[in-house]
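Below is one structure, written out as structure tokens, with a few remarks after it.
Residue numbering begins at 1 within each chain, and the chains themselves are lettered A, B, C and D in the order written.
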Amino acid sequence: MRIPVAVLGPTGYTGLELLEILSRHPGMEAAYLGSARSPGPRIDEEFPRLIGRTAEDVVRCMPIDHDAIGRAARLAFLCLPHEACLTHAPELLRRGVRVVDLSAAYRLADAGAYELAYGHRHTDAGNLRGAVYGLTEWTRDRVRGAALVANPGCYPTAAAIALLPLLRAGVIRESTIIIDAASGVSGAGREPKPHLHFVETAGNYSAYGIGTHRHQPEIEQTLRTLGARPAARTLFVPHLLPVERGILETIYAEPVDARTDTARLQEALNESYARERFVCVREHAPSLRDVVRTNRAHVNARVVAGRAVVVAAIDNLVKGAAGQAVQNANVMLGLDEHAGLE
Amino acid sequence: MRIPVAVLGPTGYTGLELLEILSRHPGMEAAYLGSARSPGPRIDEEFPRLIGRTAEDVVRCMPIDHDAIGRAARLAFLCLPHEACLTHAPELLRRGVRVVDLSAAYRLADAGAYELAYGHRHTDAGNLRGAVYGLTEWTRDRVRGAALVANPGCYPTAAAIALLPLLRAGVIRESTIIIDAASGVSGAGREPKPHLHFVETAGNYSAYGIGTHRHQPEIEQTLRTLGARPAARTLFVPHLLPVERGILETIYAEPVDARTDTARLQEALNESYARERFVCVREHAPSLRDVVRTNRAHVNARVVAGRAVVVAAIDNLVKGAAGQAVQNANVMLGLDEHAGLE
Amino acid sequence: MRIPVAVLGPTGYTGLELLEILSRHPGMEAAYLGSARSPGPRIDEEFPRLIGRTAEDVVRCMPIDHDAIGRAARLAFLCLPHEACLTHAPELLRRGVRVVDLSAAYRLADAGAYELAYGHRHTDAGNLRGAVYGLTEWTRDRVRGAALVANPGCYPTAAAIALLPLLRAGVIRESTIIIDAASGVSGAGREPKPHLHFVETAGNYSAYGIGTHRHQPEIEQTLRTLGARPAARTLFVPHLLPVERGILETIYAEPVDARTDTARLQEALNESYARERFVCVREHAPSLRDVVRTNRAHVNARVVAGRAVVVAAIDNLVKGAAGQAVQNANVMLGLDEHAGLE
Amino acid sequence: MRIPVAVLGPTGYTGLELLEILSRHPGMEAAYLGSARSPGPRIDEEFPRLIGRTAEDVVRCMPIDHDAIGRAARLAFLCLPHEACLTHAPELLRRGVRVVDLSAAYRLADAGAYELAYGHRHTDAGNLRGAVYGLTEWTRDRVRGAALVANPGCYPTAAAIALLPLLRAGVIRESTIIIDAASGVSGAGREPKPHLHFVETAGNYSAYGIGTHRHQPEIEQTLRTLGARPAARTLFVPHLLPVERGILETIYAEPVDARTDTARLQEALNESYARERFVCVREHAPSLRDVVRTNRAHVNARVVAGRAVVVAAIDNLVKGAAGQAVQNANVMLGLDEHAGLE
């Protein structure tokens, strides 16, 4: 008997990814699909690749009815816009439904910083206080008992996995970090936009949001709190890659002193991740192809020309979204943390 | 002194292609850009790759002002929606501006067939009668003196170049033609749409408009009139390729008799095209890469397993649109037909 | 306790796909990797995405030692070149190891036809007689008890799934079939070749092996035997798509009479596949994106302009290779036919 | 009457690009194609897109016969391997043929540095002394009279165009430069290799040669000499993009002081390039699509989070190779510098 869960907002790319993972999950099953669209579509008409892979009594998206969700599911994944999550999360929590929120609504502990980055009021300060940032490898003890988990952003997941071991080991200067990142197009969502038109994106590559991207405060918060480096600052420069999925970050920082070499950096990574199944410390720089469609992060660090260069790769839709969300839900529900994610 | 021409609707992909061709053209220059957008954008902000390649006094799109165009240009390229062309072409012609219309407005000689295919009234029967279908290699004598040239559709250009020699030589049965075609995404225009979103299109391939595409009546009209085969019928099945540009058509038909072999088909092609610089009869089946970003069509025919198989390739934006439009304009204006197109 | 199986030739794309499927399979596990390379590579160095997903005592490729395989595995998947399979299959069978052969070595019942198509002698006529063609939906009763299953080719799988119901229902003329097919590049294997170089393939599309491809005799054999149409003939024209994976076939045939309409064709498909989990009869023409990375075939048929047009889509590496191989192995080993394939 | 030139090594991607440019060039024409292959291929069989675009008496590649080239051409473009250029350049120069060498053979003034980077002896110290580094915008006065021009590497061209104005204006610290670069696959040449196989490259992205790429000494030499900054050091990290062509470099450096702002950086760029037709200083960060298939570099600089961030884009095959080669040849031969390059 699999634990029933709800997926709210299943018609985007993270929703699709989540449903594909759940269709193979031995301990959890989608029992309620909730959408703001009216009438709600059959999810297998929205995504024909789901035909025959979703139970017939669940396949049609229903309204986001908190009572109905409360009866149908023990946990809800929120793949909704930030503002909608601020509305629905408190209602679900009140009804005893645990929540993994894939939006940014509960990621930034400081509501003011949230409002600055996202441009609207944070209307649920109460739950914000109790929310746990679900970077599973680093916060699983608190995820376990959490009612509300804020699932990390895609870029911040890769950056944090790469940098936290180095900051905690004190081997790089926390004020010199430059994160040059590149993401596949699915990270920009499913809504058609001019710059996401195939003709514009294919064969193209460009930087965007240079130093102004909304993931920068999230990255810095994580480096400061989980990295125990209150002064951590970064320059974050994302690029749009002409691929469907995947994030690769090439990160530059100054080593803390002249004796800090490649071996010391790799050692710091190994110390943190030796027992982690979903983080792989590589001898060589990883590529997107090594990680796409897996819940794994691959990371490699070296010192060259007097600089630390760290390369980290994840799939933005899996480890950077739906996969990590299921990993968190596994922990919350007492299932094997890796269930459904191999 | 280059002949001044107008480009109306320069903000789409055929407009961009046209401007790139004109920027290298020794005998013709863009002297007026007209757009329905208000305010009109600078074309080099719309397409930064045009920065420095358009004269500063022309670079901003102006309203589609017929009098102003009449003063500024001897010929206008219409890259506008079909209905807009029905409005603007008669006004420009009245002012003595010759017109190459890249829309479908004047392609079908029968207004009723047009209305069936395009879903709106044809409001310019007068000019429809005098319009010349600008399949340059086959109609250049009439293009020369035309005031209004209907530039052929992209799929119909490739189909006609492949099939006309075979129909006129009487080597295939005109009622057995199947055109399996594949086009790059630029053929669908620049407006963002869900199925043209990079994530949906990359890695994808699909048939659409099976037997119902609007280019089918145009293809059949051309085969009947220029092919001199009143009974010519086709089944036309287009597919969407995950590439920016290019059309490849694999065409099947029954040979007229058992003695009709590969040599006879190739001979028919060679007879038609031996002196044509922009049509190349190949010994092997051509690929998209052989023709993209050129104004050339490559074509090859063979008999195999009792069937004629013809493969034709063009660039949908060049020989299938802007390139052939310039080729027609060259003929109309008495310039070297190949000018600006090598 | 999962059933131990061997994968011989795991360093190609079908091998990788097979190992990814087996890493999630609840009833079967890779217990022996055998490669002709010396020294055998660690499979997770060959494919870093397999790091941590293969048991440490299995991860290094061993020689193809029949005795060792006989001790380690109850069934072997052969992802080797055709000729190597002719060598290894009989040795493994002799040692009681059941075989699913992903090469073409045992697909054509007529050794002479094999030699013509593949250019070398068929040296194992004995096992050829007993081999079962593993088109699971159509031959599962014989697959169940088979010692040696010839796993169908990728193009033939899609063609057979699309056409067998129509031939058996007698709704199309068996001598008029044209299969216009397009495949992703992984179908051409992992060895680097000039025409598979990224720069040559990206943005390209071309027909190849027009009417001469080695899958044509396999397709015709299947249509004749499983379709019960001794006179079935086809023209098969494959194309190379600039995508990693997926096959889409657009198939043309004459309906048997004028009353045969879309409903009749779809009915024939539904009759065959109503209870098949891995074949989905669609109301609309499927696209690659609907099926890639699944073991499902999607198929749709219609009559238009007096022709039957059938569109079928599969993933060439899954339903067209490794997925169907596991499906066959599931049947052979008495496991749930769908295990590991959702 | 166009000036006759030779293209040696026309069967690679820079050779193809060069022939396409020359086919449109009003003042220069390919008069001799020389290849090390025996027998020499027809270039239009090698690249069918050149059919009909090369004179019939030139279309077949001939041996690299120095005397014949001396009779046929006034200038030779060398698109050969580095070592072959060291052999052929002196022979051609001796016969009065001027040379634009697209290899690295004459780029590094220090033969020892060359040997370290390229792994073989530099055997032509004599001509190395007189070679002019052909970064046209910065060295055109010396290019004009040069017998031998070393055409810059693709990555170094973009880096130099972006950084030289800033170094000469003294607005960034020369020891803090990090060049994060991404290139299309054509930069790796036409020879098929495992990591360039379509299946490996499509959907992929990776860093390579981190801090060890052979273009790093070339970049540093240029920054030191043309930038007048003897201490200039960089960290150069290239990445492989899944696109055919284009280079985008995102460059990080420390501003020289706290008052150095975006306006100051852009001003430095504008001062250098206000009158350069082929370098465009942009208000926004450029993307690949803005420059591919043009001979233009687009560049933008800003200060953000206390860092200078400069983004530069070129087409690696045009401004980064064949286009700049023609630009240099135009200058050498007294033609309009921009001829054939619009």
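Keep this in mind: contacts are C-beta pairs under 8 Å (C-beta built on N, C-alpha and C of every residue); 3 or more make two chains touch, one makes a residue touch a chain.
Quick caveat, the model's predicted, so the values are computed rather than measured.
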{"item": "Chain labels contacting chain A and also chain C", "value": "B, D"}
{"item": "Chain located farthest away, centre of chain D as origin (C-alpha)", "value": "C"}
{"item": "Length of the line joining the C-alpha centres of chain A and chain D, rounded to whole Å", "value": "40"}
{"item": "Rounded Å distance, chain B centre to chain D centre (Cα mean)", "value": "36"}
{"item": "Distance between chain centroids, defined by C-alpha means - chain C, chain D (Å)", "value": "46"}
{"item": "Of all residues in chain C, the ones touching two or more other chains", "value": "200, 202-203, 242-244, 286-287, 289, 292"}
{"item": "Interfacial residue positions of chain C with respect to chain B in the complex", "value": "178, 180, 182, 200, 202-208, 210-212, 233-235, 237, 239, 241-246, 248, 250, 252, 285-289, 292, 302, 304-307, 309, 311"}
{"item": "Complex contacts: residues of chain D adjacent to chain C", "value": "13, 185-186, 190, 192-194, 196-203, 242-244"}
{"item": "In the complex with chain B, residue positions of chain D that touch it", "value": "23-24, 26, 48-49, 51-53, 203, 277, 280, 282, 286-287, 289-294, 296, 298, 342"}
